[in-house]
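Every chain is named by a letter (A, B, C, D, E and F) in the order it is written, and numbering of its residues begins at 1.
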């Protein structure tokens, strides 16, 4: 089984470690959008490149595609264009979280994506389970300057989310930090999801069960329907 | 007051007839997306051009922008980029409809947009008022070949929507047909909204009241925030 | 176009300033209810006079009616009696606010109307967008004794609403104070709606679009249906 | 215990039969509203008389008040004015129905009250349990001309409600017909509530438990708060 | 009328005091489950004994059954097995509370039951009315060691619930403490429900109205349907 | 990795075929409940045996437990007793279905479980995505007498669900039939989930990601917390 991750090549090894033996993860950045995504503006700019990429990846024989952006931009359109599973890390980690506790929260980095992530929970159908979306309030430029301070801040906000918003499951919706989910889980005593890990495994689950998104829900665009030749 | 309509130039005269004396509507197609929008795929492809266009239109001194696509693609991103009101005809006609009756329905042309419009009602916050989204089931290519048959079909579906889905207000979410809203209202005996007309007037309303979308809800993307020079 | 405002004559000039050139606002108090409305009790007592008045105003040729009370008492009944638009400032400003941000709050004066306004949002169908209804906690008798202190208190509560309830759009649901919406918007940096201004402009919008409330949703009372003479 | 029923005197004996030994039901029409209530217009016109009456009934020493109109007009205001329980037959039968099955429907007579009763379920907080509100489609004037045909029609609609709307509990929200609830229950095999009977017994329940509506939720109107004399 | 309370014999006298003259409450512990219920684990273990008991109680001629556990475990199954009303104190007090104010809270003892009680409100259909479920944070073993300190703690939490969660009606979902509902109501100034008292009276209400749960909603298990003998 | 399936031994081979290489599925019937589960009554009777079994299976070193009953009885209690993942096939297939389309339906065999499954969707937090729960209307005894007729009936009902309820993803919530999910998917053209297959793979996903249910949401019962010895 081959799963394409649409995102930076330098994450490939880390992601490969997440999947089952016999499954290959290939990082395939499309290279046509903004360098990073911190707003709805950049989410949209990243989509045309993603859509071209998804079609190409299906043609190349990949079994599933996992775009890297946690906000899931363009997933609905990508699903119109291909039959193989296309899974957004936002929606996918949310549905898994919904099955692990009473209420989950997303802890993220950027104020700009807080409201869009609330909307994503609404569209995914799990809003009744969403306790909150919170951001850790550290300017992006300072995020990596002191990783331990950033991680500590993540734990502080997570504890607030658990006590004040009464979340009992957490999703780390914030790039590099998500790779520290296991450490955070250890420190906090509640399940903490790494969205990319969960989404790659969900891709495996769907492929192995012969499942994909519904073409009734995501029909092929009329202009792309093959015209029968008489 | 000058309102920019982002859509085909040949609608300009019709739209000008919808606004108050002293208000100018200028049609400003951005010319960079697909020729028509019949799927989520095309919605996304239309957004980058729209976003460039909206920034330019604000710079040119327009007081408000009304993108033409009923599905409202990219409105949230456009609002991040400018301060003048950017109003989607989908969300705008839905909130007006919510204030006119107990339950509204959208009648549209394409199966592909039925589910996305249900999602739009959810995001706009008026899902409790949505009776249904229905499409008239005529292939796009045949829509204009027999306009009267198409209009008749619209009335038939509208009557089903009123009786079966218990809608008491209708929105015509379907391009050319929306210009026949007044006729449909006459025939059906319930309010029938032309989304573009309603949205242009809502743009007037906001400008005259000194209102626009919230920059707290749609903050400027971090990368675009001006760096103060010391 | 002539719009009737059902409320005190001394507001007429201020309201006239809110509408388009060519539109006339006439204040027409019905004079039959309580002197002010601070409870559900007084809301109901104000309705019979309002209903008589609305019928009379339609007969006189007004194009739309805007009752002045923010709680919208009797709007549903008034809509049964006439065909011209009858627009409550509560519901109308709520649907406009829903289209400007992610979540709106109403800031009002009286504890007694907090819960009824939450109910109004529920009935209007925009409850998913309501962040909160809050009151400023100043006894009515002291409201006008020190207008600047009252305004300052309004700003304080508004800031709490923005931070604690995460509202990004505000509606001033409180009589005289609503006329200071523009000042409040300037000070707070989020859209602040003056309900009467927004509602008068919405009346214009509907009349110019040939729209009114649905008679299917608000049918003529059976006893008032004309009996055909054989 | 003495319970006042605000409605026609000729129902007194029938209502007396519904309550426990030792409880007295007194019918006390206020005689100031419309002769019958078939619209929101008439609902509102009935309220001022009801409110005067409720205050008087508390003064006379009644333990609880049950206004007769199923649409519950003015209940919220009446609760502001008195401390004894004021119970509307609409909301009261809805909460009891919610506890007896998975989904309930209201079967009523008049098209005009269908949407208002849906709103009542929303305000009462039991909308998730409401399957539908349906009316039997017989003109009011013909209702009593052939009672058996009307009852048969009631059963027919009730069966549709059970099969099509998947209701498993019914409320008869329709005047005289409600007195045939037991017969309908016998014929239909699902619980059928007579709202007045249920509401009188709920009044007993509250009085015997020392409970009434919350004065925090329904506070005394500021103008009626006694001014302390220094 | 005879009502069976499935719970400890030593509460019988107190419960008898709650019902109407002529009604008998008999305490009938089934003696087969855990000694006390402080978790979902114990809730389930208590159900098989309850179900046997309910069938037996119907056979003995009881008119209604009120299981004692506030979490309502097994009520849905018990309703499948008998025709007489089976009423859980949790759901029953919630629907009564929904009719007395704008929002109710449950104050309970154990952290373990907080989330299950939120679920119970969801299933009962009154979640829109639930302000919160809160526990008083005193270890079970210390509850009775200092009853006045416990009661004081109950009042403190109740006041927080009223101010912070904006509840205006309270339900005491906590065993022995519930018997002090009247005192708490006196101290707090909002309605405070004793679930057992309310539920016993609701049992009376249903029996006197000839009502019970719907057998369409709670059908007899197929294996128990009598096989006709040819 | 070893996953325990709590259900009939004769399904072991079929289930083993569903999991990844290196994963073992062991069928471990607890043998203490009813022979089959067709009602809430039997669901509850099956739980005490399940709970004992789950504790034992954790002790034996299993990595996850999948109880076989689609209604998920006792899952919440089982999660209180152990730390390894306990996954119900009902909730698990629902969250996966929510991520594959716009609306899913469950097709099942028994009328008795239709309403309970609607409740399960509510508690799982995906009710906004549930189109319907429908049963195929064949008496249990006749289910296996003519498997092809039964399968045909399943397809017929599924098509109704797709057209009338507008579902675009299906879950086969019905024992033996669920093993024909792939065939049904082939015939219907929408994703059709086999709940056991999906749930076993979800168990793998969780174990491989180091995740389990939240102990904050499902705390250890107080009586089972180890008492420290002084």
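By definition in this document, a residue touches a chain if its C-beta (ideal position, glycine included) is under 8 Å from a C-beta of that chain, and two chains touch if they have at least 3 such contacts.
Note that the structure is predicted; figures quoted are calculated from it, not measured.
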- Most remote chain relative to subunit E, going by C-alpha centroids? B
- Query: Would the interface of subunit E with subunit F count as same or different, where same needs over half of all numbers used to appear in both copies?
  - Reply: same
- Message: Centroid from C-alpha atoms only, then distance subunit C to subunit D, rounded to Å. What do you get?
- Response: 30
- Item | Approximate Å spacing (C-alpha centroids) for the pair subunit C, subunit E | 43
- Note on the structure: The distance between the C-alpha centres of subunit B and subunit C, rounded to whole Å, is 26
- Multi-chain touching residues of subunit F, meaning two or more other chains, are 102, 115, 217-218
- Message: Using the touch definition from the top, list the residues of subunit F that touch subunit A in their complex.
- Response: 18, 20-22, 87, 91-92, 95-96, 98-103, 124-129, 162, 168-169, 182, 185, 189-191, 193-194, 197-198, 201-202, 204-206, 208-218
- Query: Can you list the residues on subunit C that touch subunit D in the complex?
  - Reply: 34, 38-45, 47-48, 51, 74, 76-77, 80-81, 110-112, 115-116, 119, 122-123, 140, 217-219, 221-224
